[in-house]
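Should a chain be cited, it is by its letter among A, B, C and D, assigned in written order, with residues numbered from 1 in that chain.
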Amino acid sequence: MGETMILDIKNLQSHFFTAKGEVPAVDGVSIQVPQGKIIGIVGESGCGKSMTAMSVMGLLRYPGRVVGGSIALAGRDITHLTPKELSLVRGNEISMIFQEPMTSLNPVYPVGKQVREAILLHQKLSKTEAKERVIDIFRAVGIPEPEKRYYSYPHQLSGGLRQRVMIGMAMVCHPKVMIADEPTTALDVTIEAQILQLMKKLCKEQGTSIILITHNMGVVAEVCDYVYVMYAGKVMEQAETFALFDHPSHPYTQGLLKSIPKLDEKAERLYTIEGVVPNLLHLPKGCSFCTRCDQAQERCFVQKPCLYEAADGHGVRCFQYESGGQLDE
Amino acid sequence: MLSRILKRIAISIPVLVGVVLAIFIMLRIVPGDPVTTMLGEHVNPAVIEKISREMGLDQPLHIQFIKYVANALQGDFGTSYRLNRNVTQIILDAFPNTVKLSLLAAAVAWLIGIVAGIVAAIQQNKLLDRLFMGGALMGVSMPVFMTALVLQYVFAFKLKWFPVSGFDSWQAMVLPAIALGWNSAGSIARMTRSNLVEVMQNDFIRTARAKGLRENGVIVGHALKNAMLPVVTMMALQLSSMLSGAVLTESVFGVPGIGRLAVNGIETRDMPLLQGTVVFTTILIILGNLIADLLYNVLDPRIREGA
Amino acid sequence: MTDEKARLTEENAKGKADGNAGTYTGERETAKGRQPQPEEAGAQLGESDTWTDKMQTLMRQNKLAVFSAVMILLMILVAVFAPLVAPYDHLAQSLPDRLQDPSAAHWLGTDELGRDVLSRIIFGARISLTIGLLPTLISMSIGTVLGLCAGFYGGKTDFIIMRLADVMLAFPSLLLAMVVMYTMGGGLINIFIALSLVNWAGTARIVRSQTLSLKEKEFVEAARSIGVKKWTIMFRHILPNCLPSLIVLFTLNIPSAILSEASLSFLGIGAQPPSASWGLMVVRGKKYLFSEPWLSIAPSVAIMIVVLAFNFLGDGLRDVLDPYLKEQ
Amino acid sequence: MKKRLSLALAAVMTLGLVLSGCKGGGNSGSGGENTTPAAGGDAAAETPASGDAGVDTTGFMIDVLNADIQTADVQKTTKDYTLPQNIYDRLLEIEVDDAGTSKIVPSLAEKWDISGDGLEYTFHLRQGVKFQNGNDFTAEDVVYTFHRLLTVENGVNTELLDQVKGAAEVIEGSADTLEGVEAVDDYTVKITLKEPFAAFLSCLTAPGLSIYDSEATEAAGDQFGMDPAVTVGTGPFCFAGWTFNDQLVLVRNENYWKGASQLPGVVIKIIPDTETQSMMFESGELDLLDLDFVTDATDRFLESYPDQIVQGPRVGITYFTLNFNMEPFQDVKVRKAVQMAIDRQAILDALYGGRGQVEHGIYPYGLIGFNEGQTKISYDPEGAKALLAEAGYADGFTMELAADASASDTVTMALEIIKEQLAAVGINAEIKNYDESTWLETRKAGGLGSFMSTWTADFNDPENFIYTFFGNEEKTKIRSINYPDTAVMSRVSAARGIVNEDERLAEYQALEEKLIHEDAAWVPMYSRTHLWAVSKRVQNFKPVWSGVSDRMYYGVSLGE
C-alpha cells in the first residue's frame, strides 16, 4: 500500500465509562484510508463500527471517550484538537452521513437552510452565494426541482431524498473524507443502489475518500476498494475487496459470507453464525470470537490473537495465520 | 388549518360551559343566606327579603343558571352585591393591570427559566446545573407573598430603587413582575432543561455537530427551537399559575387587578363578583390554551403543513 | 401530507411509550440487527431496568436528590416524633415571654403569644407534610383511576373524563381552591378536600396518554388474548408501567400542595388558629416582619426546604426514571 | 324619554359643577366627559371609575385604606364612613373637646326646638348653604334624604329612623310619604317621633343621616355614591375620582360654608397588605396611617415616630358573650366565674400594648353615660374556681369559643389567649371556626357559643349600646346572648323615652349595674385607644371617634 493515506487511524481505543465498568467499544483499531478510495467496514450490530466512525468525527459523547491511539487526517493528528479546531475540521475536511435519514435532519428548519449552514460555517460566502451552492449540490445529488426543495422541510421529503440531502450536506464543502454510516440501511433496495452509485460517482469526481460502514456484504462487494471486518471492537480481517471475497480467511468472515443468500445455490437452510455478539463487559479471555467459532481450539480460549498478515495487504486476527507477520501488537 | 382551528374552538365550548356550570353550582351550595351576609348589621328582615327577590335568588337554580349563561353570553356577568356595579365593567377596568402584570411576569419567568434551563441542560448534573435550577426553583419554593414582601423590603424599602406599591409607572411594575415571574420560572427552567436534554439526544444534533457547528451553535441554532416548541404549550399552563399568583402579588403590591377582585369577592362574600372573576379568568386561560395550541401549530412545520 | 403527519405523531407517541414502558430488552435486541446509537449503546451496556439500578444511578449522578431525600425523611421523622423532638409544648402560651428574640432557651424565639417557634415548626411539620402528602395522594389516585379508565375504555368514557379534566385544568388552581374554600369555609379538613378535588386532572391526562400507548403493547395484547379481565389488565399490567411517571409526578405535586395551603392561609381562608401549619405561621408572623423577622422567616425557610427538597428529588427521579415526562 | 330627561339633568349638573366649588387642583375632576353617559344610566357606560383621570393630585394629602369602599352612598353601607364624613354634612355634629367630653353642635341645622313631650323636633336650617353642584340646600333636601333612606334599594341604615313616625309604614310600602318628617318652609323641618326617644339628637349626627341634594341624587339613581361626578353633598370635599381597588380622590370644596379646607385635596390609596402600608408610610409615600391596620407594628411606630402619633378614644366596647341558652351559663355563678377567669389586662397588654382600658360595663370610655365609679370586675382565677365549685363544676366543663374566619387575627389571638386562661380554672374551651356567613347566621339564630366582638358607637349615646344588645328578646337573641329577664329588657326599652337627661342616664347606669354586675350577662373586655401615624407635614389632624374609624380631613393642613 504505497498510496498516500488521507486518513490514518492507528490503534484507536474508545471506551464507555458506565456504572458497571469500562466498556472497550473500540479496542485498538487501525484503519488506513487512501485518497479517493472507498473503504468498507463491516460487521454485526454492536461490533464497534459506528463507534469507530464517531471517534474519528470526535462525536463521541459522555460516557464514551477516545482513550488511546491516533487519527491523522492528511498527516495531522486530530485526536487532540480543541473543540474550536475540531469544528473547523468537521464538515469541512471530514464529513459524515448517518443511517437514519428520517431523524438526522432537524425537523424545524427547511433542508436547504440546513445545508447552507454547513457552507456558511466553513466558507466565506454570502448567503445568496451559499444558497446557489446548495442548489447546485442538490442538483448534483439528484434532487429534482432543487430550487423548490430548498424550502422543503424534512418531513416533506421521502427517505431517499433526505439521504440525498444528507449526502449533499456532507459533500458540499468537498471534504477529504466522508464517513457514511449505514447510509442505505433504512432505504428501499432500488434507492439503495442509486445512493451507492451516487456516492461512488461523487467520490470519483471530487477525489473524496469514503468510509462506508455497513453490515451488508453485498454493498461492500459492490462499491468498496478495501474492507475491514470488525467484531467486538476489533478488526478481525482486512483486505482488498476482491481478496476478501476470494479468500475469506477469518472464521467470522467466512461465516458472514456464508450467511448471504445466494441465488445460484440451493441451500436447504441459510447459514447462521451460532450465538450472539458477546457482552463487551464480559469478553472471553482469549479470542473474542472463540465462543461462536466453529474452528476454535483450546488456545483460542486463553490467548488473544494478533492481526497476522495472511497475504500482502491481507490481515487476519486468527491463530491459523500466525505464520504471517504481525500487523499490530 | 382552518378546520383544525374550528375544531379546537369547538372543543373549548363544552369546557367553557362546564367551567361556568361548575363555578355556578359550587357557589350556590354555599351555606348561609348571601344577602344576610352581605348586608351585615342594622338590617331589617323585610329588606333582606326584598333584596333576595330583586337579585332573583328566590328562583329555582336551573332558571338562575340559564339566566346567568344567557346574560354572560351577552357579556353581562351580573351586578356585584356589594358594589352595586356591573361586574363586567369592574372586571374590564381591572383587566389591563392584570394583563400587564402577567405579560411582564411572563417575560421575567421566560428569561430566568430559559437561561437557567439552558445552562442546566448543558451542565447536566454538574454544579452549575444545580445552582441554576436551584435559583430558578427558589422562586417556586417560597410562598409568593413572602417573595413579594422580601423583594419589596429589600429593593423598595431599603434600597429605594422602586416604589413600595402601586402600578402606575414602569418602576412600580418591576418588583411585582419579578415576584410573580420568578414564581413561574422554576417550571419553565425545568421543562427547558429536560426538553433540551432530550432534544440533544436526537440524530439531527449529531448531524449539526458533524457539519462543524460548535456546541453553543448546536444548542442555540438547532436544539433550542425544537426544545422550545413544547414549552410554548406550557405558556397556557403558565397563564393559569400566573393568574393564581397574581391574586397574591396584586394584594401585596396594591395592584388594582383581577386577582384583587377575586379576593374582594371572597372577603365580602360577593358571589356575582367572585363568580364573574373566576369565569372571566378561566375564559382567559381557555383562550390562552387555544392560542398556545395554534401558535404551536404555526411554529412546528410538521404540523403546520397539515392544511 | 395529512397521512404523513398522522404517522409522525403516532411515531412520537410510540417513541414516548417506549421510554416510559421501561421495557429495555438489553443485549438481546442488538442481535436483531438494530444498530444502536452511541448513547443508546452506552445506556444498554451500562444500565438495565431494575429499580435498584436506577436508584444507584440516581445516587451516583445526583447527590443533591439523595440529600433531598434524606432531608425529607428527616422531616417526616421529626413530624412523627414531634412530641419527643420539640423542646416545648407547641400550644403552651406564655404572655410575658411573647416575641422574644432567638436565645438558648428558645432557638427560634417566641411568637406573639409567647409560644416556642421551634416547637411550633416541629409540630407544624405534621400538618404541612400531611397537607403535602394526603391530598396529593388522594387527587392522584382519583386522577390515576380516571386516566386509566379514559385511556383503556376510550370512546364516550374517554370523552367525558377528558372534558371534565379540561374543565378542571382550565381553572387557575388557586382560584378554584378559593372557591371551594369559599363554599365550605376555612379549616384544615376543607383544605384537604379542596386540594384533593383540584389537582387530579393533570394526573389523569398523563396516565391516559400512557395507557393509550401501553394498551397497544404486545404484553397487553397477549394478556387480552388469553382472556385476562379488563380490570386486571388495567391494574396489573398497565398501572405498574405508569408507576415511574406517577412517582415523579407525586414528588413534584407535593410542594404545590404545601404552597397552596400557605396561599390560602394568606388569604384568610386556609388553616385556622391555633393550628400550627407553616403557612399560617408565615402569615401570622408576617406582621412582625420588621421587628421580629424570624417569626415569618423561620416557617418560610421550613417551607422552602421541604419544597426545594421535593423538587430536587422529583427532578432527580425524573432524570433516572422517566425522561419523557414533561407535562409538568 | 326617561333617559333623555336624565341626560339633560346630567348636562345641567355638569354645568353646575363647573360653576361650583370643586375646582381644586385646577380641574373639576367630577366634570368632563364621563359625566354624561354615567348619569344617563346607560349600562354599557357604567364606569364610575377612572374619574380621577384629570385631577392633578400634587400637594394632596395621601391617606390609606386596607379595603376599597363599597359605595359613598352612606344609606347603603354601615362601615364605609370615610367619604360620607367628608363629602356630606349632617344636621348636627358631635364636637369633642380636649378633655374628651363631647357635645352636640349645630351643623346644617342652626337651631332646634323640642316639644315638651319629647315627640316633636323643629330644626331651623342654615341658609345660604350650597351643594357642591351649586344647588341650594333647603328643607326639601332633608325630607328627600330621610325618605330615601327608608326606601332606597339596598338601604341598610333604616334603623336610624325607626323612631320617626310613619317610618315602618314607608318601609313596608303601605305609605308613600314619611309622615314624621315635614318641610314647614324652605328652611324649617319638623320631625315627629312615634314615642319619645332621648337619643334622637345624637342619632342625627350619625354618618348614616348625611344630607343629600334631592335633585342631583334623584337624577343619579343607583349611580349615586358610585360615580364621583354625581355624588354630591354640602361637605368640605368633593368626590373627584375613584379607581376601584386603587384610589379615591377628594378635592376641596372651594365654596364650603365654613370656609374652604386648607388641604387642596386627599388621595386615599387602597392597599390591602399591612406590611406594604407600613413600608409606604416609612418611605414617605403616606401622610396618614390608621395604626389599626397595622396593630402589631404599633409598638414599633411609637418608638420610631414618637412625635408623629395622634391618638383619640375609640368609643366602642369589646365584649365576650355567654349564651344563656347553653349549659351551664344559665347559672349566674358560672357566668361570674368566667368574668373573673379572664385576665383582660393581660390580653390588652399582649395584643394592644396596653393602649386602651379594661372595661367593666356596657358603656365604654368616651361615651355619654360612661360610669367611672361602677363596680369593677377583677381577675381572680382562684375566686373563679371557687365559684365554679359552688355551682357544681369543680371539674370544669366544656364550652365553645366561636371564631369568625373573617375576623382580624388579633381577635382570633384573643380567643386563643382566653382559651388558655379558661383552661387555668378548669374550663375546657374549644375554638370552633366558622366562616363568616355561618357565624352570622348562627349568631342571629341565637345558637352561637361564646364569641368576642366589638361594638363601636354609631352616635354618642348609651342607648346605641344597651338597646342593641338588651333592648328586647329579639335583640338579645340575634346576639346569641339570650338574656332571659324580660322585666329588665322592658326597662331598657322604656329608658329610651325618658326625656329628662339626668334621669335617663341614672336609669341606664342602674341597668348596666344590674346586667353586668348582678346578672353577669356578658364579659366586658376593654376599649381601645385609636392611634394614627401622621407624616411630619400633617398638621391639626384629629381622629373622629364616631362611626367605625373615620377621618375628618377638614381642619387638617399640610406644612412643609
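By definition in this document, contacts are C-beta pairs under 8 Å (C-beta built on N, C-alpha and C of every residue); 3 or more make two chains touch, one makes a residue touch a chain.
Being a predicted model, the structure only gives us computed values, none of them experimental.
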| item | value |
| --- | --- |
| Chain occupying the middle, per Cα centroid | B |
| Result of counting contacting C-beta pairs for A-B and B-D, higher pair | B-D |
| Distance between the centres, which are taken as Cα means, of subunit D and subunit A, whole angstrom | 90 |
| Between subunit D and subunit B, distance of the C-alpha-averaged centres to the nearest whole Å | 39 |
| Between subunit B and subunit A, distance of the C-alpha-averaged centres to the nearest whole Å | 53 |
| Mean-CA-position distance for subunit C and subunit A (Å) | 47 |
| Where subunit B touches two or more other chains, by residue | 30-31, 145, 149, 153, 203, 251, 263, 267, 269, 302, 305 |
| Junction residues of subunit D, two or more chains touched | 275, 406, 435, 438 |
| For subunit A, residues contacting two or more additional chains | 59, 155-156 |
| Chain pairs that touch, as defined at the top of this document | A-B, A-C, B-C, B-D, C-D |
| Subunit C-facing residues of subunit B, complex | 11, 14-16, 18-19, 22-23, 26-27, 29-31, 125, 130, 133-134, 137-138, 140-146, 149, 153, 186-187, 190-191, 194-195, 197-198, 201, 203, 230, 240-241, 243-245, 247-248, 251, 262-263, 266-267, 269, 274, 277-278, 281-282, 285-286, 289, 302-303, 305-306 |
| Residue ranges of subunit C in contact with subunit A within the complex | 1, 4-5, 8, 27-28, 30-31, 33-39, 41-42, 45-47, 53, 56-57, 60 |
| Touching residues (chain side subunit B, partner subunit A) in the complex | 202-204, 206-215, 221-222, 225-226, 229, 299-302, 305 |
| Residues of subunit A touching subunit B in the complex | 57, 59, 83-84, 87-92, 95-96, 98, 100, 103-110, 114, 117-118, 121-122, 153, 155-156, 166, 169-170 |
| Touching residues on subunit A, where the partner in the complex is subunit C | 16, 18-20, 23, 25, 44-46, 50-51, 54, 59-61, 63-64, 99, 155-156, 182, 185, 215, 276-277, 279-281 |
